[in-house]
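Several structures are given next for inspection.
Paired with chain B in one complex and with chain C in the other, chain A is shared by the two complexes that follow.
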Partner chain A sequence: MLSLHHDARTPVHALPAGVKLLVLFAVGTTLFFVTSMTVLGAAVVGVGLCYALARIPWRTAGRQLLTVLPFAVSILALQWLFSGWETAVLVGQRIVVLVMLANLVTLTTRTTAMIAAIETALRPLKPLGIRPERVGLVVAMTIRFIPVIKEQADQVRAAQRARGVERSTAFLAPLLVKTLRLADGLGEALDARGVDGPRRTEGTRPL
Partner chain B sequence: MIEIEGVSQWFGERHVLRDVGLTLTEDRIGVIGSNGSGKSTFARLLNGLLVPSKGRVAVDGLDTGRKGREVRRRVGFVFQDPDIQIVMPTVAEDLAFGLKRHGLSKAEIALRVTEVLAEYGLSEFRDHPAHLLSGGQKQLLAIAAVLVTGPRYVVFDEPTTLLDLRNRRRVGKLVRELEQKVVVVSHDLELLAGFERVIVFDGGRVVADGPAEESVAAYVAMHPPL
Partner chain C sequence: MAQIALFAAIMVVLGFFPLIELPLVPAPFTSQTLGVILAGSIIGARRGGLAILLFVVLVVIGLPVLPGGRGGLGVILGPTGGFVLAYPVGAYVTGLLTERLWKRYNQWTAMLCNLVGGALVLYAIGIPWMAVAAHLSMEKAVTGSVVFLPGDLLKVVIGSLAAVTVRRAYPMITPGTPRPAGDERA
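Coming up: the complex of A and B.
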């Protein structure tokens, strides 16, 4: 789901990020109060239409759906077992609507716009000591560094496998070390790029 | 001008720089020396990422300890590993990041970003996730993101170490053609060829200081073939 921005000029893309996030939030909460299969079915079709409106290629949309399939199927199976098929269908429809809508927002909104929207939403909380720009920065950096950390995890796994260690949780320790080192470097890089943090006090002289 | 006066640096008990005094005025300055000789530590002093345990570093008269913020605006820093330096998810966003901190308006930022993307041959990657760029492209982006904010000096710490020959040459050319004054720490002696001044560190001390050819010859002489 990360950084899969699909560039195009459509009404869906043009909608302000804040509006899209609000709609997502509203739909997400109301969905769970809707118990009519017809209404939920209509919602599924509605989301499909939004995809068409945003001119998302079928393959992209399909791929998004596929990634949640195993998860959705297992929930459906459980619901069917314990609450009957009607509930299972309702839950299935809700998952599809929610996931597809969330993906549509990511596909049609630039990260920058999304972060700006989050910052705006948090602005009223400033008096409580919350710094919206900082929250925005954290969100952006999380998106940026998830793939980096995943890459590091893969490297550690590969290095261990090369030395004959198979399937163990031992890779967590080196990964943690790597991640901490990354965090250290990152703090310095942010400093160098003009983000002010608390001054470090390393390099003290022995007595 | 960057002045380093009577600087010593300790990390705990470890004495990493020993009484270094230098005045940097040249446009192209290289720094070489063995692993652990204190080059990176020295580089980090130049923009106040590190404040010396003893002595003083000043950039255009601004003390790095007291005027860290202004110093860092003047002195850009490019790290060896671009992965830590790129902090935003996409190429254009990362370029915009530094500019935002310099108080430019949205329109100015957009304009500058477009210019810089074209300048560094990154236009087609504008909305590309940064992690999908190649190593060379990442380093170009990291350098572009520093230069876009218009520093007067740029410090590079091993900018070509992780690159292949082609990208090494590309970064080398870029460094040579910069209008800024640059300080380049490197093990890549080819990169420093023709530099006005190359400083050699050994065990935290400056052991040679002169034009590139002389300093490199001194450095090579210090390490005869095994």
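Coming up: the complex of A and C.
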């Protein structure tokens, strides 16, 4: 699994993840109230300068822009058709600034730092039964599950072929049951190691 | 907890399926709403919702888990971000309805649950978001999203078939009797 992170040592990279996220949300909210093309144009230039400051290679920045291009173009076309080119340019500038700034945060922040920031952000949700300190473990488990699902899918397909079923609509259900069994096994293993499940303290007795 | 991770991973895998981008429609066609439906209808509201929330966390921390290898905060703040943010809510609602109708769960009630949670809830959040983010009027955002309806209905049917079969083979939801307090084995 490839992270989108781009490694370098720059002031932008050094900023704490939480600060970057706050800046992003602040900019994101204010942008919707700005209706001046020059201000938005300045914002586009500003984001470009931030990219330069973070020493993001042109190619990486371009690839980021490319992923939003199809959507941006279709929205611009729609706007131009229905509301005239001024709105189209405004909306285009807004999308470019937001998306590029958000991608800059992603590019300059390590996945681990992002997880830590999210753990902090999730802390108020503790009463709901969410344990923020588990987030890292669960994220790792999810990433590990991805190739496992593929393996299981191959097995189901092989089993169906062995029975002479070439194309079956009943593919999803066996795959789900198989992977659910695996997940339950893993859950039990976590339980046994005291990672998951209720905290049992009465069971521990000094020898 | 392992189940939550599993369904988040299923979401990621579904994202690898071929992606059809339609011209003039600012949102890609994805199989991922199927993941939303499956999570809610198989492991229930709380765990299903958390699983998809976990998936959104993966997107936010910048893993390229959305269709077409997209990911990162840019997508969330972009015009289609509302749909992504609506996924956990959709899974939760699907699960809630499934738990309510668990005793009478069959192909038809399953489709009802999945239609509401896996399509209507997503539209209700995603379309206004798109209207604001892309500065479109509500009508235009709605018209732009109509093309997804056939695909979404197909996913509702597929998801319901799978959910009903899994319910028979390996039921995960215990209706009416909430898990004993403190049992967080999810």
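As a convention for this text, the second predicted complex is superposed on the first by the 131 of 207 C-alpha atoms of A that agree within 3 Å, B and C clash if a C-alpha of one lies under 4 Å from a C-alpha of the other, contacts with A are read in each partner's own complex, and residues count from 1 in each chain.
Everything that follows uses one rule, which is that a residue touches a chain if its C-beta (ideal position, glycine included) is under 8 Å from a C-beta of that chain, and two chains touch if they have at least 3 such contacts.
On a predicted model such as this, the values are computed, not experimentally measured, just so you know.
In the superposed model, A:L172 makes contact with chain C only, not with chain B.
In the superposed model, A:V45 makes contact with neither chain B nor chain C. Once chain A of one complex is fitted onto chain A of the other, the partner contacts of A:D7 are limited to chain B, with no touch recorded for chain C.
By the touch criterion stated above, A:A159 is placed in contact with neither chain B nor chain C. In the superposition on chain A, A:F82 contacts chain C only, with no contact to chain B. Residue by residue along chain A, chain B and chain C are tallied for touches, and C comes out ahead.
Within the superposed three-chain model, A:L190 lies in touch with chain B and with chain C [touch as defined at top]. Once the two complexes are laid over each other on the shared chain, residue contacts for A:M37 go to neither chain B nor chain C.
After overlaying the two complexes on the shared chain, residue contacts for A:E151 are found with chain B alone; chain C is out of touch. In the superposition on chain A, A:V19 makes contact with neither chain B nor chain C. For the contact definition in use here, the residues of chain A common to its chain B contact set and its chain C contact set are 2-3, 5, 111, 137, 141, 143, 148, 182, 186, 190-191, 196. Those residues of chain B lying in contact with chain A across their complex are 8-13, 44, 47, 49-54, 68-69, 72-73, 76-77, 79, 81, 83-90, 93, 96-98, 101-102, 127, 129-131, 145-146, 149. The touching residues of chain A, when paired with chain B in their complex, are 2-3, 5, 7, 110-112, 137, 140-141, 143-144, 147-148, 151, 182, 185-186, 188-196, 199-200, 202-206.
Across the interface of their complex, chain A is touched by residues 1-6, 8-10, 12-13, 21, 23-27, 38, 42, 46, 50, 54-55, 57-58, 60-64, 68, 70-80, 132-137, 140, 144, 158, 161-162, 165-166, 169-170, 172, 182-186 of chain C.
Those residues of chain A whose C-beta lies close enough to touch chain C in the complex are 1-5, 21, 24, 28, 32, 64, 67-68, 70-71, 74-75, 77-79, 82-83, 87, 90-91, 94-95, 98-100, 102-103, 105-107, 109, 111, 114-115, 118, 129-130, 134-135, 137-139, 141-143, 145-146, 148-150, 169-170, 172-173, 176-177, 179-184, 186-187, 190-191, 196-198.
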